[in-house]
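Handing you a structure now.
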Amino acid sequence: MRSGDLILQTMSKVVFFIIILFSIHLFFEGHYRPGGGFVGGLMTSGAIILLLLAYDIKTVKKIIPFDFKWLIAVGLFISVVTAGGSLLFNVPFFTHVHDYFNIPLLGKTSLHTAALFDLGVFFVVVGVTLTIIQTIGESE
Amino acid sequence: MELLMAILIGFLFASATYLLLSKSILRMIIGTGLLSHGAHLLILTMGGLKKGAVPIVNGDGTPVTDPLPQALILTAIVISFGVTALFLVLAYRGYQELGTDNMDELRGTDGNE
Amino acid sequence: MFNILLYAVLVMLSLSILGYVYRLIKGPTIPDRVVALDAIGITLVSITALVSIVMETNAFLDVILLIGILSFIGTAAFSKFLAKGVIFDRDRNS
Amino acid sequence: MEMNNLVVLPIFVPLLTAVILMFISKKINIQRWISVGASLVTVMIAGLLVHHVSTDGIQTLDIGSWPAPFGITLVSDMLSSLLVLTTSIIGFAVILYSIYSIGEGREKHFYYPIVQFLIVGVNGAFTTGDIFNLFVFFEVMLMASYVLLVLGGTKIQLRETIKYLTVNVISSSLFVIAVAYLYSIVGTLNMAHISQRIGLLEEIPGILTVIAILFLIVFGLKGAIFPLYFWLPGSYYAPPVPVMTLLGALLTKVGIYSIARTYSLFFYHDQSYTHDLLLVLAVVTVLIGVVGSIAYWDIKKIIIYNIITAIGVILYGISVATTTSMTGSVYYLIHDMIIKAALFLLIGIIVNITGTSNLKKFHGLINDYPVLAWVYFIAAISLAGIPPFSGFVGKWLVIQGGMERGELIGSVIILLTSLLVLYSVMKIFIYGFWGGKDQDYPDQHSISYNKLLIPAILLTVIAVLYGFGSEFVYSYVAQAVDTLMNPEIYIEAVLKE
Amino acid sequence: MTGILEFVVLAFILIGAFFSLVAAIGVVRLPDVYTRNHAASKSATLGVMFILIGTFLYFAAEGHTNTRLILAIVFIFLTSPVGGHLINRAAYYTGVNMWDQSVRDDLREKVGYGKRKSPEDTGGKIS
Amino acid sequence: MSVLHIAILSPFLFAIIVPYIYKRLRQIHTGWFVLLLPIILFIYFLQFLPQVKEGEGIVQSVSWIPSLNVDFTAKIDGLGLLFALLITGIGSLVVLYSIYYLSKDQEQLNAFYVYLLLFLGAMLGVVLSDNLIVLYTFWEFTSFSSFFLIGYWHHRERSRYGAQKSMLITVFGGLSLLGGIILLYIMTGTFSIQEMVANTSTIINHPLFLPAMIFILLGAFSKSAQFPFYIWLPDAMEAPTPVSAYLHSATMVKAGIYLVARMTPIFAYDANGYWVWLVGGVGIFTLFWGSFNAIKQTDLKGILAYSTVSQLGLIMSLLGVGAGAVHFGNDNQLFIVATIAAVFHLINHATFKGSLFMVAGIIDHETGTRDIRRLGGLMTIMPVSFTIAFIGTFSMAGIPPFNGFLSKEMFFTGMLRVVKMDIFRFDSIGFLFPVIAWIGSVFTFVYSMILLWKTFGGQVQREKLPKTPHEAPFGMLISPVILASLVVIFGFFPNILSDRIIAPAVETIMPMFAIDEIHISHWHGFQPELYMTIGVIIIGILLYLTLGKWTRIYQLFPNKLTLNQLYDVLLPSLETGSNMFIRTHMTGYIRTYLAYIFTFFIAILSFTMWSKHAFHFESTNLADIGLYEVLLFLAVIIGTVTILASKSRLTSIIALGAVGYAVSLFFVLFRAPDLALTQLVIETISVALFLLCFYFLPRNFHLEKTRFKLTNALISVGVGLVVTLIAISSYSTKLFPSISQYYVDHTYDPAGGENMVNVILVDFRGFDTLFEISVLAIAGLGVYGLIKLRLARRKEG
C-alpha cells in the first residue's frame, strides 16, 4: 500500500462524512433552499465515489452492503406510491398534502408528502449512479 | 446577452454536430454532451436572462427570474445524464464485443441479400 | 465603490480562469491539464462567492461547498486514473 | 372529477408493475405471471377509459390538483384513449409471446420491467397534454427502447443500438430546443393553452412556422418519415422479435401521433406551407417504404420497410387534413399498430421454426404449419388493405380524402403502392409457405409453436374484427377525428372555460 | 453594512483575488507540472480562502451566519493540498519529466525514474 | 339479413365446414357434399326468372358501415341474374366434373373445395352487389380465391409463378377499380350503382369523369384479360382443369365484362365517346391478338387460354359498340344489336368454352399430356369426347348451326354498324372494326380447327403418350355433355334465352331503352354478315391446310419483345433495382445517415426561415452583457475548440469537464442555483464515468479524411447557424407572458415551499420528475443488463 493512498484514505474518511452530512442537508433544504433529492442523491453518490477512489470496490461493498439495484427499486417505489397514494383518497393523482405539526421536543415541524416523493428521487439517484459505477467497475 | 448566448448555443450545436459526425464513438458521446449543454442553455435563454432575483420566495415581492425553464432544464440534465451513462457503457461493450470503436467499421448489412 | 471593486475582482478571477484554460489547452502533459482543471474549480469557488455578494443572495453558498467537494473528487479521480489506469480498484488486496 | 384518475391508470399500472417486478428480478415465474396479469389489467382499464370517453367526452386530469395550464394535465380524448387501448393490447400480446421465446437470460435481467416501462412511456406520450411532459414520456419510451434493443449484448444489437441511440439523442435535443423556442413565443407548455394562445393571434409570425417544421423534424425522426427514416431498418432488425414488435408497432406511431396532435392542435395556421410539405414527404415516404420492402428477401426487412410505408399513408391523411382523410388516418393508425404487431410475431414464429429470416432458405411451411400460414395470409392481406379486413377502411378514406382535396397524383400513388405492399408480403407466402414438403429444420421441435401462436392469432383476430366491425369502430374514430378537426373541443375540455 | 466592515470584507477579497491571480500567472508561466501545481494548490487555495472569509463576513454582517461557508473553508483547506499531492504523484508515476533545472529528486531511488504505470500515453510530448 | 344475402354468403359459410366434412367423412369424395350447394343456389336463382322478366328487380339491404355509406345491398336484375345463373350453373357442373377429376386419395380436397366455394361466393357477391364498396370487396375476394386455385399445386414452380402473376395483375386492376369507385363517390356522394345511374348527368359533366372511367376500365380490363393485361391468363392454366373451366369460361374473367356492362349506363353518355372508343377498341384488338397468338400454342389449355382472351375481347368490343346506342340516345337504337350480341355470346362462350376445357382435362387425364404435337387420332378411342369437342370447336369457330354462329353473325352486324357512328372519328377509321373483326374470326376458325383435328384427327402416336388412352369414365363426361347439349340447344332454339334472360340483361345495361322483343334467327338473308362468315370459313380452311407454310411468321416476333417477357424482366429487375437503390443510401454508416438528417434539418429550416421571412430581431428586451460573462463565453468557446482539436481522449474529457463547469457558472450568473448544483455534480460524476470506461476503450481517436472533415464542418456550421437564428427570432417574438407568475405566486401557499424550482419539480410538475427518475432507473437497469448479460449470437425469434 503506497503512501499516496494512505493520505487519500485518511482524508476520505473525514471528507466522506462531511459530504454525507452536506448531502442530507441539501436534501432536506430542497423545498426551501437550493437542493433537493437530485442534488442530495448525487452528492451522496459523490461521497461513495470518493470512498471507491480511496479504497476498492470490495471494501466499499463491505462498508455499504446494499444491492444498489434494490435501492433503485425502493426509491422508485416510494415515489410511485407517494404519487399514487392520492388515488386512495379520491383526489387527482399526485396531489400532495402538507401540514405543520407540533412535535414535542422538536417543536413546529412541517410534514410534506413532497418530501417523501423527493426521498424516492434521492434513492433512485443514488441507486442508479452507484449501480452504474459498480457494474462497470466490476466488469471484466 | 441573449444575443451572445444565442451565438454560444449555436457554436455548441455546431461543435456537437461536428463531433457527432466523426468516426470515434467517444467523440460522438462527447458531442452528445455538448449538444445537451447547448440545449440547456437555450432553454434558460429562452426563459429570459437576469430578470430578477433567484427564484426563491423572499417575501418582499422583488421580481424573480422565470423558475419554469430552470425546472425543465433540471429534468433535461438528469435525463441526458442517464443517456450519456448508457451510451458510454454501450461504447465500451461495443468495443469489447465488436473489436472496434470506429463507426466506419460498424456498418452491418444483415438481411441485405 | 464596493461593487466596482467587486466587479474588478471578478474580472481578475475570470482572467485567471482564462489563464488556466490556456494551460488546459496547452498542456503539454495530462497532469498539467488536471492541475488547470483543479485550479479552475477553485477559482470557480471564488467567483461564486463574489457573485453571491453581487446578487445579494445566499442561494449560491451551497454551490461553493459543492464545487470544493467536486473539484477534490475530480482531481482525485484524474490522478488515480493517470497513476493506475483505473479509477476504482476491484480488490486492492488481491 | 375524482373519477378522472382513470386517465392516469394506464400509465400508473405498468409503472407500479415495473417497480414491483424490479424487486423480483430473479424469480422468473412470478415475474411472468405478474407481467401478464398487470398488462391484462391495463387493457381492461384502457377499455374502460375508451368507454368513458365515448360516453362522457374528453377526460382530463389535472395532476397534483394544479389547474391547467399551470400543472401538468393529462388529456384522454378519443384518439389518445384508443391508442392507449391499442398499445395495451399489443403490450399484452408481446408479453405473452415473450414468455415462450425471450429466454431466461433476458428475463433475469429486467426484461419484463423494461417492457412495462416502455408501455408507460408510450401510453404517457399518448395521454399527456403538456408538451414538455411529452418530451419526458418520449424519453421514458426511448430509454426503455435503447435497453430492450441492446439487452442480450449480441454483436448486431450493440452495433445497431449505437446508431439508434445516436439518432435519438439528437432528436431529443432538438425536441428540447423546439419546446424552448415555442415557450419563448407563447410562454406556456400546456398544449391546449398553446393552441388557445396561438388562436388569439391575428397574424401568425413566420417563426412559428419554422418551429412547426422543427417539431416535424423531431417527431419525424421518431416516426421515421422521409428523409429521417435511415436509422430505422437497421435498428429494428437487430433485437429479438418481441422487442422488434414493440418498437415496430408502437414507437414510430408515437411520432406520428405527435405530428397529428401538434399539427391539428396548434400548427394549423399555415397549412398551405406546412401541410403541403407534409404531403410531399408523406408520398415520398410511402415510395421509399415500398421500394425497401420489395428490395429484400429477408422477411424481417420486408416487414420493417412496411412500417415506413404505413407511416407515409397515415401521414398523408394527416397532411390532407380533411375530416375524411383524418378519419382514414386514425383508422389506419390503429389498424397498422395491431397488424404490424401480428405480422412481427408471425415472422418471429417463422424465424423460430426455420432458424433463418432469409426467404431463400426455406419453403413449404404450409404443409406442416397450416394454421400459421393462414393466419399469416390474413394478416398479410389486412396489411395490404384488402377488404373487409382491417387495413381497408383506413386506406380507402385516406385516398378518398386526398382525392376530394384534389390531390389526385398523391392519392393514386398511395393507392397503387398498396399493390407493392401486397407483393412484398405475399412473396413471403408464396416462397416461404408454399412449396414442397422436403425441408427439415433443426429447431422446429424445440419451440413452443402453439403457445407462440396464441398472441399472434389474438392480434389477427382483433384485426379481422376491426375490419368487419368498421361501423362499430367508426363511432369512436369519428369522435377522435372530431377533436382533431376542432381544436376548440380540446381546449375547452382542458382549460374548462 | 458599516463602512468598516465593508472595508474589511473588501480587503479580504482583494487579497484573495491577488493570490488567485498570482496562482494563475504561476500556472501559466512556470516551467513544469510540479512547479505549476505548486502554484495552483498553494496560492490558489490561499486566494480562495481569503475570498471565502470575506464573503462569510459579508453575509454574517447581513445577518446570515452561514455554516456551509465555514464548512467550505475547512473543506478546501483540508482537501486542496491532498489534491495537489495526488496530481503530482500521478505525474511522477507516469513519468512526466521534471524541469531540466530541478535539483533534487528524492523519490528516484524508491520508485525509479520515469516508470510508466499508466496505459495512458502522457509523456512529455503534447498529446 | 334476407334469404338473398344468405344465398350469397352461403358458400363462405359452407367453406368453413368443408374441412370438417373432409376430416370426418374421408370415405366419400368431398365434392359430393359441395355439389349440393351450387345446385340449390342455381334452383334458387332460377325462380327469379319470371320476376326479372317483368322488370321487377329484387333489392335487399343489410347495413354494414352505414356511417360511410356502405351497406350490403343485394340486387337481382337482368344482368345480375344472368351471371348468378352462369356462376351457379357452370359451378355445379364443374364441381361434378371435379369429383371425377381429382382423386380423393391424393389431393388435398378440403383446400380445393374451400377455395372453390370462396370463389363461387365471391363471384356471386360481385354480380349481385349494388354497393360498389361491397362489390369491390368481393372483387378482391375473387382475385385471392383464384390465386389459391391457380396455386393449388403449390409445390410446382409454374403454379406459384402463375398464381403470383394473376394475383398481381388482378389486384392491380382491383385497386384501379377502387380508385374509380372513390372518384365516382366524390362525384355522386353514393356508392350505390342504382343511384349513380340515376345521377349520370352529374357524373359526365364532372372534371373527374375521365379519370374515374379510366380507373374503372383498368380494373375491368385486367380482370377480363384484355390487352395488355391478358398475360396472366395463360399462366393461370397451371390450375387444375376444373378450375380453368370454371374461371375462364364463365366466371372470373367475365367479372370484367360484368363490370363494363354494369357501368355502361353511367359512362356511355359521355359526349366525346371515350367509352365507346376505349371499350370497343381495346376489345377488338384483344380479339385479334388473342386469336392470332392462339395458333402458335402447342398446349391444349394454352390454345384455350388465348382463345378465351380473344373471345373476351369479342364480348368487350360488342359492349363498347353497343354503348354507342346510349351515346346517341333514344333516337338511335342502331347499336343495341351489339349489346344483345354481347350478352348472347357471353352465354354461348360459357357453354362451348366450358365444355372444351373439360374435354381438354379429360384428354390430359386419360393420355397424360396436353401437347398437341404428341396427340392425335383420339377420334376413335374417345368418341364421346370427340363429339363434345366437335360441337364446342365448331360453335367457337362460328359455324352453323351452333350457338356460336348466331352470336358471331350478330357480332359482325354490330361491327359493321360502327362505321355509321359519327363520334370520335369513327366515320373515318371505323372501318377498321369490321376488318379486324373478320381477321380475328379467321384466326379463330383456324385455331378451333387445330384444337379439334390435331387432337382427334390423324394417327394415334401411342409411343408419345405417357398413358394408354381410353374413353373417360361416365361421371367425368356428364358435365361436358350437358354443356355441349346446351350449345346445340341454344343453337337451334336461341329464343328460349332471348326473352327470359337476354332481354332483361340488355335492359339492365341500357335502362333507357325498352327492349320489346329480341328475335335471334339463323337466316337474315344475303347480308354482308353472311358473306363475311363464308369468307371466314373459306380462308380459314385454306390457312389451316397450309398451316406449316405460314406459321413461320410467328418467328418474326421475337420472344424478347412479348408482354410476358416484359413482366418476367420487370419483376426481378424491380426487385434488384430497388435493392440497388436502397443500397445507394442505406449504407450502414451512421455518419451518412446523420449527414442526411442534418442536411435536411439545415435545408428545410433555412428555407422556411427565408420563405416565411421569419428572421426577426428585437433589441429592446435584452439583458446587458457583463464583462465576466464575455470571459465565460470565451472560456466555453476555448474549451469546445480544445475538444474539437484534441486527438487525445483525456484532453477531450478534461475540456468537456471545463465546458460543463463553465456552463454551471452560467447557471450561477443567470440565477439558477439548483441548476448550478446539479450540473456541477452531474459533470463530475460523468467525468468519473468516462474515466471508468476509458479502461476498456482505445486510447486514440480515429481521424477523418480531409474531405469528410470539410463536409462535416460545413454541416456543423449550418446547424449552428440555424439554431442561433431561430433562437434570436424566437426570443424576439415573445408574444405572451409566461405562465410562471403562477408558480411565483403559489409556491409558498398553497404548495408549502420556498424554492420555486424545487417545488415545480416535486409538486407543480412532479409528474415530470416521476418519469424522469424512471428514465434514470431504466438507464441503471440497462447498464446492468448490458454489462452482465452476454448472449452469443444465435437465432432470435
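To keep things simple, chains are lettered A, B, C, D, E and F as they appear, and every chain counts its residues starting from 1.
The rule is short, and it goes like this: a residue touches a chain if its C-beta (ideal position, glycine included) is under 8 Å from a C-beta of that chain, and two chains touch if they have at least 3 such contacts.
Each chain and its UniProt protein: A = Na(+)/H(+) antiporter subunit B; B = Na(+)/H(+) antiporter subunit C; C = Na(+)/H(+) antiporter subunit F1; D = Na+/H+ antiporter subunit D; E = Monovalent cation/H(+) antiporter subunit G; F = Na+/H+ antiporter subunit A.
Predicted, not measured: the structure shown is a model, and the values here were computed from it.
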Considering only chains other than subunit F, in their present positions, which groups are joined through touching?
one piece
Taking each chain's centre as the mean of its C-alpha atoms, which one ends up farthest from the centre of subunit C?
F
Middle chain, criterion being Cα centroid separation
D
Contact-richer chain pair (by C-beta pairs counted) among A-E and B-D
B-D
Relative to subunit E, chain with the most remote C-alpha centre:
F
For subunit B and subunit C, let me know how many angstrom lie between their CA-based centres, rounded off.
22
At what distance in angstrom does the C-alpha mean of subunit F lie from that of subunit A?
63
Taking the mean of the C-alpha atoms as each chain's centre, how many Å separate subunit D from subunit E?
56
State, to the nearest whole Å, the distance from the C-alpha centre of subunit A to the C-alpha centre of subunit D.
37
What parts of subunit C, by residue number, touch at least two of the other chains?
13, 15, 17, 27, 30, 34, 36, 55, 57, 59-60, 62-63, 65-66, 69-70, 72-73, 76-78, 80-81, 83, 85, 87-88
Name the residues of subunit D that each touch 2 or more other chains.
15, 18, 22, 63-64, 132, 136, 139, 143, 146-147, 150, 153-156, 162-163, 166, 170, 177, 180-181, 183-184, 189, 234, 296
Give me the residue numbers in subunit E that touch at least two other chains, ranges are fine.
68, 71, 75, 79, 82, 86, 89, 119-120, 122, 127
Residues of subunit C touching subunit B in the complex
55, 57, 59-60
In the complex, subunit C residues that touch subunit E:
2, 5-6, 9, 12-13, 15-17, 19-20, 22-23, 27-32, 34-36, 38-39, 42-43, 45-46, 49-50, 52-53, 56, 58, 61-62, 64-65, 68-69, 71-72, 75-76, 78-85
Residue ranges of subunit A in contact with subunit B within the complex
32-34, 38, 125, 128, 132, 135-136
Complex contact set, residues of subunit B against subunit C:
53-54, 56
Spell out the part of subunit F that touches subunit C in their complex, as residue ranges.
626-628, 631-632, 634-635, 638-639, 641-642, 648, 650-651, 654-655, 657-658, 661, 665, 668-669, 671, 673, 676-677, 680-681, 683-684, 687-688, 691-692, 694-695
